[in-house]
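Take a look at the structures listed below.
Next come two complexes built around subunit A: one with subunit B, the other with subunit C.
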Partner chain A sequence: MAIADRIGSSLAAVPDKLADEGWRRRFLRNVFVPWLFIMPLLLIHIFVVAIPAVQGIYLSLTDWTGIRPGNFIGLENYYQLFFEDETFGKALFNNIQWMAFFLTVPFILALFGATMLSQIKRGGMVYRSILFIPYVLASVVTTTIWKNLLNPRKGIGAALADLGIEGFDVAFLGRPDSALLSIAFIDNWHFWGFLMILFLAAMQAIPPVLYDAAKIDGANRWQEFRHVTMPGIRPILLFMFMMVAIWSFLAFDYIWLLTQGGPGGASEVIATQLYKNAFLRFEAGYGAAQGVVISIFAGFIIMIFVMLRRRGWDI
Partner chain B sequence: MKRFKLILSIVVLLLALSSVGAQDVTTVTMWFGESAFAQCLSDILTEGFNAIDPGVQLEIVPQADTWNTTRTAVVGGGGPDIVRTPGPSFVYEMAQAGLILPLDSFADDLGWRDTFVGWALDLGAVDGQVYSLADEFETLIMYYNKTLFEANGWTPPETTEELIALAEEVEAAGIIPFSHGNADWRPTNEWFVGEFMTQIAGPDNVYKALSGEIPWTDESLVEAVETLDMMMQRGWFGGGIDLYFTNTFDTNLATLGSGEAAMNIEGTWRFSNINDYFGEAANNNNEWDWVTVPSKTGADLFTIGMGNTSSINASTPHPQAAAAFLDYYFSPAVQTQLLGSCGKAPAPLHYAEDALDGLDPRVGKAFGDFFAAAADNRYGYTTWTFWPPKSDVYIYEEIERVWLGEISVDDYLSGLDELFGEELMAGDIPPIPPR
Partner chain C sequence: MNAHVTRLARRNRKPLRAYLLPALVYCLLIIGVLIVVVPLMWAAAASFTPNHKVFEYAYPFSWRALLPVDFTLEAYDNIFARGFGRSISNTFFLAFATVIIGGAANALAGFAFGRFEFRGKNALFMIIVMLTFLVPVDLTAIPRYILINNFGWINTWQGLLVPGLANSLVIFLFRQFFAEIPQELIDAARVDGASWLRVLWSIVLPISKPVLVAAGLLMFISQWNSFFWPLLVAPRQELRVVQVAISLAVEQHRTRWNELLAGSMIAALVPILLVMPFQRYYVQAITGTGLE
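After this line comes the complex of A and B, so read on.
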């Protein structure tokens, strides 16, 4: 082959080679490097979340005591949970009541509080801070405070009774008809400020011109709230609906610290039952089955929201 | 370059020295809680044991939730050399899983069979081998406000009948008969169930029920739970059922100390802080004393309980050193020192007659009488030590439903009988000292 031919064929190969290198560089930059950056997080997630989750599902199919290795027993734990364990239904009902409470009371309070605070031009930060402080308190601190405040011998009720105002020196946490509601009240005392701050932030992102336009159209305060504020905060509102619904099935710390599910199981929820089964009754496999069921409920709630999103809801 | 060589030489020397040190000293690890009480025990044990042999040192690590942390670590193949559990049923699980070592050879070599009282080593037996040593020998007694009793001319009751009559009298005087409540610790309920079973049905019947010889629905046991329920329904515990569920330990002791309440059935562990609620410390002029919980027959009976057990981790690299520590810890001298300095309930050992001399006479008498009763077959059984785990949880959770009128005493005991039967069949019953 003549030299000129050889040079010619080499030159012809150059664009291919360049294209090859370009593709490789693009691959490295667009695919490999991002994965490399996310790899530490991914590995942690795999080892700390994914593998234990799969293990949890497997353990729910065993009679594991939490100490001794378990034997595979198929769906026996699930059968027991849904068809034999009467207390599970009661706990599930309490979780549903808990969810109903938290999907209404804190949302109403937070919307009201955020709307009021959004009107304050000076000193608003002080109110926000005061209302947000309970959220940063540890649950053990909050429950200790409220256990004392609600104590019928030395709490608010007793103080009011000393002043001649009777009827509040009641053992709210000691009565089956008020225990769960009292715990929800205490948990909400710490929680609603957080919700309010989220709503307030969302409200402040609504362009003021929309309110101006509404005013020009003759809208009153309620109409402004309904037709401007609510659509403006709808994504965060619905997102928090979803999160609160999921959190309702995970409720544990306040109940455990205040009543441990008592009196007589009146404030028992699935998570407190799970704890007792896994750590006190040596039925960790059964507890794992309850954990899987909680996850299924959470998955079901997420599915509802995914479906709504597909139907065009702004979530 | 010279400086580099000098630094390198120092580093090499330090490494060499540290490895020599590490080889020479064996460290025995133990996990305790984070309370002031745990700190008191830790200080005394570390100082005392580490002075004996510089080659074997004790390291105590405080943990927030000692048992759950220990269990997780030991199941994962780690954890401390000394494994402490809350009771025999936990030991049973760990021994079955091969997570703790059998102690028989140590018991023989170190003379533990003579150190411990007769039945105590048997409590740690699983399939004929000793896996744990019983610690914190505790019982329930009835504390009372002595000053209040003297002012009203009341005398401490000896029988259940006298107890009921006295409670009526106390109630009539506008005083709460028993300063009880479970707001801080829901299993408080089981103290009363177990105690009433022993004191009213009698320890023999409880033993038979625990052995599966009689059902839990036996008449004597029904009578015991019915008596307890009657007292609760009359509002004698803490001033009423709903108040019982909200009374904290602090409230219970404060009302006893102030004289708003007259009596309190509680454990010997309460000796550690009962003085905080009486006399100068509580700004009152009252005094406390105690008697055995009145029984149906009038006999002085004590229920036996174990607050803790100690075992050796199967994964420890130095079991001999761990056994040496256990030998030190479970010695009468160390146990009485811990009782006197920290208020720790002593292990069930043979003690010299003068071992309790330096204590508050009331405390000394309580443990003296308790040891004597245990040696004299006048003992009953606490639920948290001798009942299997599921039945134990059932006892303190479901009794609330009896008190709230949701189920009858018969239903409660039938449920216990069924559950206990399952655990008995599965062989999950902790060892029970024979009568």
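After this line comes the complex of A and C, so read on.
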């Protein structure tokens, strides 16, 4: 009430006041104050992101061990990465497998879940809240619980075997052929609810009139999904495709906490190699080169999306 | 109206199908909920169970595995005796500091980006957001560690705190919200002679509760859950945070299952309790920025 009154009484005075703004006031308003307001955050970003990024690129061109300043060796780290280091190729392949998993499984689950949640009338909020819980749990928490559940002699597998369902009482995380997939399963348990909530919010923003119109036109459920729901959630869907593709190259915490890249490099990804090189093997320059490579992949994915957008895709 | 009539007509023609589909939907949702809830219930129950009985009811599996039948606080007593309480208060302190300092820095910048016109504004905004969104932590972790080390900030609060302040989602939120505030409101205060800081503090912030809650939640939870950076930069026990404490315990005491799960339960409870009542804000925050 008070604010509304004040607006009313002072609106008339605005033009005069603005008219005699001198250059000093303009300078204050257009240069000094904005930059003053931005300065704290800008300093933090320069300090936390910009300087380290530039320095990371420089370090990737040296043979720095992590202790003493290294020598400049040009692109040798990169040459070694792509042409000599076989474990890097394997790690990169694991990242690509990881990406294939996360661009499909959580998206299908989330679309399915959101579609179902958007249809029910009672208790929607409860289901939604519960399915979202794993997303707010820390990786340390999730992995601690699932390590126990996947314990072959004590966890779910043992319980199932006892019920007569054989074949699940194996060390999923300890076997080369199942380690990466098991980690992806656990990470997905944590992640897919987040996607579902995003899709659900987008679905709920679609005007109900469109569904009614589709029904009048005699559309079945699939056609309804295909021609009303999908166009509505398309922007967030494609945006999340891009983000998940980028995140796939950064995958680290679940893998590190569950297997540290093992057994025998079976679940090794670029980020776990980077961590080992930088902080355990004293090959920080080489690790920095891996960081640059990850960034280049991420940048490449963004470029693809920007180009698709230029071509008229609605992203 | 028309649609309603046809829907009714269809339901009358196929009564069975009309009930089958919702039933199927509820069944699938309940399965989904069980996949989330059963592991958490088991972990919660196990944390209240004596260690030698943690797996007792898993095979043959019975409902007892999901409820603390042999209730004891032994696990909780033990972890607090080994300094877990200190880790909790450390993490709370760190998360609150992140919310206050990070909130202030991001709100100031968000106000500038949302309300002022100045040269290079959009370019600067893109650079700031892009940098944090797209430069992977992997690339910056090593040099950032060196930088912090050069400042002598290893094993200090500053070293723990500063990287968590740069959160591009939060500045996005603030900018968007502040940009939508009616200009008249701000002009009125300016004409009355209020400084810009005053405008932000007493006009803008009081009507910005949704965005303040959302930004606060985002920063609090991401700091509460952060693990990798604290592990790297603050190995000293006095500065140990919750996630690091649990992960170290997993390595050192891997057979004290009930204690590991007790720690995990406490670590899980905080974000769950925070997000549940404010879920709407949280989701709005994420979807609002995600769609931009």
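The rule is simple: the second predicted complex is superposed on the first by the 279 of 315 C-alpha atoms of A that agree within 3 Å, B and C clash if a C-alpha of one lies under 4 Å from a C-alpha of the other, contacts with A are read in each partner's own complex, and residues count from 1 in each chain.
Here, contacts are C-beta pairs under 8 Å (C-beta built on N, C-alpha and C of every residue); 3 or more make two chains touch, one makes a residue touch a chain.
Since this is a predicted model, take the numbers as computed values, not measurements.
**Student:** Here subunit A is shared; do subunit B and subunit C fit on it together or clash?
**Tutor:** Pair status: clash.
**Student:** Let me test your reading of the model: by the given contact rule, A:Ala271 touches which partner, first (subunit B), second (subunit C), both or neither?
**Tutor:** Touch status of A:Ala271: second partner only.
**Student:** First (subunit B), second (subunit C), both or neither: which does A:Pro231 touch?
**Tutor:** neither
**Student:** After lining up the shared chain so the two structures overlap, which partner does A:Lys147 touch, if you call subunit B first and subunit C second: first, second, both or neither?
**Tutor:** both
**Student:** A:Gln290 contacts which: subunit B (first), subunit C (second), both, neither?
**Tutor:** It touches subunit C, and subunit B stays clear.
**Student:** With the two structures laid over each other on chain A, which partner does A:Gly22 touch: subunit B (first), subunit C (second), both, or neither?
**Tutor:** A:Gly22 contacts neither subunit B nor subunit C.
**Student:** After lining up the shared chain so the two structures overlap, which partner does A:Pro207 touch, if you call subunit B first and subunit C second: first, second, both or neither?
**Tutor:** In the superposition, A:Pro207 contacts neither subunit B nor subunit C.
**Student:** Which of the two partners, first being subunit B and second being subunit C, lies in contact with A:Asn30: first, second, both, or neither?
**Tutor:** The second partner, subunit C, only.
**Student:** Return first, second, both or neither, reflecting whether A:Ile51 touches subunit B, subunit C, both chains, or no partner chain.
**Tutor:** A:Ile51: touches subunit C, not subunit B.
**Student:** Looking at A:Gly89 after the superposition, I want to know if it touches subunit B, subunit C, both of them or none. Which is it: first, second, both, neither?
**Tutor:** After superposing on A, A:Gly89 lies clear of both subunit B and subunit C.
**Student:** Of subunit B and subunit C, which one touches more of subunit A's residues?
**Tutor:** C
**Student:** For the superposed three-chain arrangement, which subunit B stretch in 62-70, 170-178, 278-286 or 350-358 runs into subunit C?
**Tutor:** Clashes occur only in 62-70.
**Student:** Could you give the residue numbers on subunit A that contact subunit B in one complex and subunit C in the other?
**Tutor:** 66, 147, 154, 279
**Student:** Okay, in this complex, where on subunit A does subunit C touch?
**Tutor:** 3, 6-7, 10-11, 13-14, 17, 29-31, 33-35, 37-38, 40-42, 44-45, 47-53, 55-56, 59, 66, 112-113, 116-117, 119-120, 127-134, 136-141, 144-149, 154-156, 158-159, 161-163, 189, 193-194, 197-198, 201-202, 212, 215-216, 235-236, 239-240, 246, 249-250, 252-253, 257, 270-271, 274, 278-279, 284, 287-288, 290-292, 294-295, 298-299, 302
**Student:** Touching subunit A in the complex: which residues of subunit C?
**Tutor:** So the residues of subunit C in touch with subunit A come to 2-3, 6-7, 22, 25-26, 28-29, 32-33, 35-37, 39-40, 42-43, 46, 55, 58-61, 65, 104-106, 108-109, 111-113, 116-119, 121, 124, 128, 131-132, 134-144, 146-147, 162-163, 165-166, 171, 184-185, 187-189, 191-192, 196, 203, 221, 224-225, 227-228, 232, 243, 246-247, 250, 257, 260-261, 263-264, 267-268, 271-272, 274-276, 279, 283-284, 286-287, 290-291.
**Student:** Could you list, by residue number, the parts of subunit A that touch subunit B in their complex?
**Tutor:** Of all residues in subunit A, those touching subunit B are 65-69, 147, 150-154, 170-176, 179, 259-265, 276, 279-283.
**Student:** Of all residues in subunit B, which touch subunit A in the complex?
**Tutor:** Within the complex, subunit B contacts subunit A at residues 68, 71, 75, 89-90, 93-94, 96-97, 99, 182-183, 186, 240-248, 251, 389-390, 393, 397, 400-401, 403-404, 406.
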